[in-house]
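Here it is, the structure, as structure tokens.
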Amino acid sequence: MKRKIIFSIIIAVILIAAIFFSYKTQKTQSRELIYALPDDVITLDPIKNPNIYNGQVISQIYEGLVKLDENNRIVPALAESWTTEDFKVWKFKIRKNVLFHDGTKLNLKDVLFSFQRILSKDSNHAWLFAGLVKDMRIEEPDIFIIELNKPEKYFLSRITANWIAVVPEKIKDIPNFGTEIAIGTGPFKLIKKTDTEITLIRNENYWRKTKGNVSTIKFVVIKNDQVRLSELKSSKVNIMELPLSLSQNLRDLNDLKISTFPTFNVHFIGFNAKELDQHLRRAINFAINRKEISEAATANLGVINSTPLPTTFKDVKEEDVFNLDEAKKEISLVKSIPKLELMVSDKNNAPIIAEIVQNQLKKINLDISIKQVEFNTLIENIIKGQTNFFIAWFSYMFSSPEPILFDVLHSSKIPAPNFWKFEDKEMDKMLEKLSEPNTENLIPQIISKFQSNPPFVPLFTLKTALIHSNFIKNVYMNGHSIPLLEEIIIEK
Amino acid sequence: MLRKYFNLFIFIIILISTSYLFLNIGKIFDPFSINLNARYQKPSLNHPFGTDYLGRDLFARTMYAIGISLKISIIALFISFILSFIFGSISGFFHNKFPDKIISWIYDILITVPLILILSAALSVLKPSIEITYLIVGLLIWPIPARLIKGEIIQIKNSTFILADKALGIPKYLTILKSFPLIFYPALSNLLFNLPELITLEIGISFLGFGVQPPNPSLGKLIFQGILDANIAWWEALFPVLVLIILMILIFIFTQKLKFKY
Amino acid sequence: MEFIIKKFFYSISLVFGTFTLTFIIFNLIPTNPARIILGPNAPQEAVIELERKLGLDKPLYIQFINEFKDTFKFKFKKSIISEKDVLKEVIKRFINSFKVIFLTLIFSIFISYFLNLISFYHPKFKFIVNITKIGIILPTFVSSISIITLIAIFFPKISIRYNPENFLTLILPALILSFYPIAFLTHVFNKKINEITKSTYFKSAVSLGFSKNYIFHKICFKASLVSLLSSLVNILSVAFFSTIIIEIVFTIPGIGLLLFDSVIKKDFPMLKAIVFINALFFITINLIAEILYSKIDPRINYA
């Protein structure tokens, strides 16, 4: 019997030792970037990109005709230059001597094939161009032409994301393209893909000279926010985005560096503009103290915003229309106040924002209740019109203000992305004029019309905070939330 | 036997009054007023458990949360008591005949269908609220006592006093009524023994993000929010977890002492 | 033998019943997979187009009949979201989860065995068994997340992520998952031993002078085997779906998380495959268990 007890104690000791030994730090290769992602990478086929995080991986492997630099200016990528006389016919001069990751040369047929693919039924992004493109053709030796149905001066902003990308024509014969194989022209090549890790190495034949010196990137998926942060603190991972749920931890990061970047998004309180009286909506717009919300719910990562455009655009100023007296005036003009139920999802600290909003609206004697549902259920409820008061956000795909305003305010965009069933004939006309040239003063007019009859109350534009080890320098991210990893310098 | 019932009823009354007690203690100390200047304050005389991410007093919120969790569990208990009683009795009386076979078949299927699917469906179809949480938790628990009731009834069917009634020609329904008091006790006590499970289920539903709606606190919400802020505010998680453990241990000891095990 | 055949047909009916109920409940959830794939920005026309492509615009009863036919032929489609082969993915993840659960079962069996052994030999240590029973009330998620947080605060340099090349990183997750099973098994075993202690054959064995070792192993253990086996089956079924927390926290690509994702993202092909494989697994386990019961305890017969 004694023997058995001693035996079991020995086994217990071995077990505990095994646990500790199993977590020995592994040597990382020099110049290896280990980027932690919060969710699975579903596909490496650019036309099927489902969300921003997946897009961050895809953006290292692929690129399109143009892209956004760290100042969100449109710069040449695979298109060396472009011309248009009437904003209807766009001619792109394709760069010569660009090689795909498998060594083959990029030619015009690949570009045409890729864009046809992007507009095809299999693509998740065809809707970005729906009804817009009349024809696409190539003109040897190096011109690719897109002809639109109507002139659109901001057309380029539709194709600045890296997943509007060029792939080689031969992939139509590769059945596991996207699931196991990825061939692009980008600064990094895929060498290994498992369920939780994706490994890329630097593309030695990349057409552009970059400042960076990262030789390998490992994308690691860690779903739990806290585990991800503690992996960063223990140097198992050296760069990640700070999730909003842990934003209060910003005070606690000692030898880690934080770089923040404004991206194209707006977080808002939405209404059903048809059901809720204009004065009620104006009252709520004036009663919300955005500074309070930004501080308590986003640790000041949220840049205060009262317009539908992300503050990332230069003409949009940080503005707070907070005015309790105006709010009280407006609320007294409302004949009958309906029962207000604020529906929120569980993401991006929306429940916390809701609690603060509930508290703030008490000051104008508005008592609201809160309903928390799953994110997809919230979107479905909004689209079906089953909620008239909700908190959500948009991550915009366009990099210029005109298509954003059109998408969000034009009546043809009901029920999505015009969530608020907003229909105003005058506003529609102004929005349609936006695609014409010389309409700079139109945007401020639209915004002030928006604020006089707000279909939704913008709260803030969230900056993305990248936290990384302090030996990682030159970290940039553009407005599409694409980290420019090819510029990163690792000092050792 | 009367003594056992007496103990049972006293226990239930203690439970219900404890729940109200905690709810009221919480209300006195104000669990809802937000004070954004007093966020994340350490425990002090003013706020014995500290303040949370919106400056609300955590002592009040924890007390209120215990009250809510207990209230939800007790109501869910009664819902599942009724359900398990109905289904268990049918299974028992018609043992091995058609109704029993259908109920067992449905029960087996319900176990195989993943819980998360049922929860998601229920929570997205029915608007989430405290009442729905009661209902869902109650619905998830009823099979356990139902099986027990079925077993008890089968035993009773073969006991002498039932046979005696049969021999005397007393109509079946009167006999059935007689056997009910014998079944109440094991069913209810088994459910009470599962009370910690009910509280746990509520915490699980809060983890998924549903259940008790903001700004109402519940043990699950407090614990999970506290864990997120654990690096900067250790008190946010510590006190609710300690309180949860003490609560569970107390319930456990009581149910053991009153010999409610089955 | 006749019994096994009866059980087999009953199991088939269970599978089809489960399938039907899953389909019904799944379609009660109002979210739209096409909208989930395209995101909230996409216009409604694009969503309707994708629905058509995925075959979701057909009326429900037609969808049901098609799915039913497919299941009968064992044809499993590709996942709506990732376009991966559903069956391969489910089996891969199932095996991953099973690695953890297997370890958990081993820990639970050994620890509950030793605890009861010690308390049998030295009644002073009975309190250890009683304390373990408290583990029943600790929910897995609270304990796992608390332990992670404690490790993150006090040992920030240690990484607890699952590393597929290093089997040892499964030990901590398995240990945490086993809090409940250990408590449960210990409790069941202990209860059985207490029952047996009151029986006449036990008392006669003691008075006949058999050693404590013999009594524990040949009498107590053997007599409790059926209860222990059925508890193990019970634990197995609870464990598979409570692994979701362990999987989230330790980054193990297992089946709990796959199930959760397929419900939230409304990926019916994946969900169908999971429910199917799961049902198959448990029917097999239950069948084996029932055969073992009748072998171990000859008093049990299913005639």
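Letters A, B and C name the chains as they come in the text, with residue numbers starting at 1 for each one.
One rule holds for everything that comes next: contacts are C-beta pairs under 8 Å (C-beta built on N, C-alpha and C of every residue); 3 or more make two chains touch, one makes a residue touch a chain.
Please read all numbers here as calculations on a predicted model, not as lab measurements.
Trainee: Which of the two pairs, A-C or B-C, is linked by more C-beta contacts?
Mentor: A-C
Trainee: Determine, using the mean of C-alpha atoms as each chain's centre, which chain is farthest from chain A.
Mentor: Max centre-to-centre separation from chain A belongs to B.
Trainee: Between chain A and chain B, what distance separates the C-alpha centroids? Give it in angstrom.
Mentor: Roughly 42 Å, centre to centre.
Trainee: Mind checking the centre-to-centre distance between chain A and chain C? Centres are C-alpha means, answer in whole Å.
Mentor: That gives a centre separation of 37 Å.
Trainee: Counting in whole Å, what is the centre-to-centre distance of chain B and chain C, each centre being its mean C-alpha position?
Mentor: The answer is 23 Å.
Trainee: Can you list the chain B residues in contact with two or more other chains?
Mentor: 120, 124, 227, 230-231
Trainee: Would you pick out the residues of chain A that each touch at least 2 other chains?
Mentor: Touching at least two other chains: 226, 374, 377.
Trainee: Send over the residues of chain C in touch with two or more other chains.
Mentor: 29-31, 149, 152, 264
Trainee: Considering only the defined contacts, which chain A positions touch chain B in the complex?
Mentor: 225-226, 245-246, 248-249, 251-252, 292, 295-296, 346, 351-352, 354-356, 358-359, 369-374, 377
Trainee: Can you list the residues on chain B that touch chain C in the complex?
Mentor: Touching chain C from chain B are residues 105-106, 108-118, 120-121, 124-125, 196-197, 200, 203-204, 207, 223-224, 227, 230-231, 234, 237, 241, 244-245, 248-249, 251-252.
Trainee: For chain C, which residues count as touching chain A in their complex?
Mentor: Residue positions touching the partner: 29-32, 35-47, 49-50, 53, 81-84, 92, 110, 114, 117-118, 121, 148-149, 151-152, 156-161, 163-164, 166, 168-169, 171-172, 212-213, 248-251, 253, 257, 261, 264-266.
Trainee: Touching residues of chain C toward chain B in the complex: what are they?
Mentor: Touching chain B: residues 13-14, 17-18, 21-22, 25-26, 28-31, 133-134, 136-139, 141-142, 145-146, 149, 152-153, 237, 241, 244, 259-260, 263-264, 271, 274-275, 278-279, 282 of chain C.
Trainee: Can you list the residues on chain B that touch chain A in the complex?
Mentor: 34, 36, 39-40, 53-54, 120, 123-124, 127-129, 209-210, 213-215, 227-232
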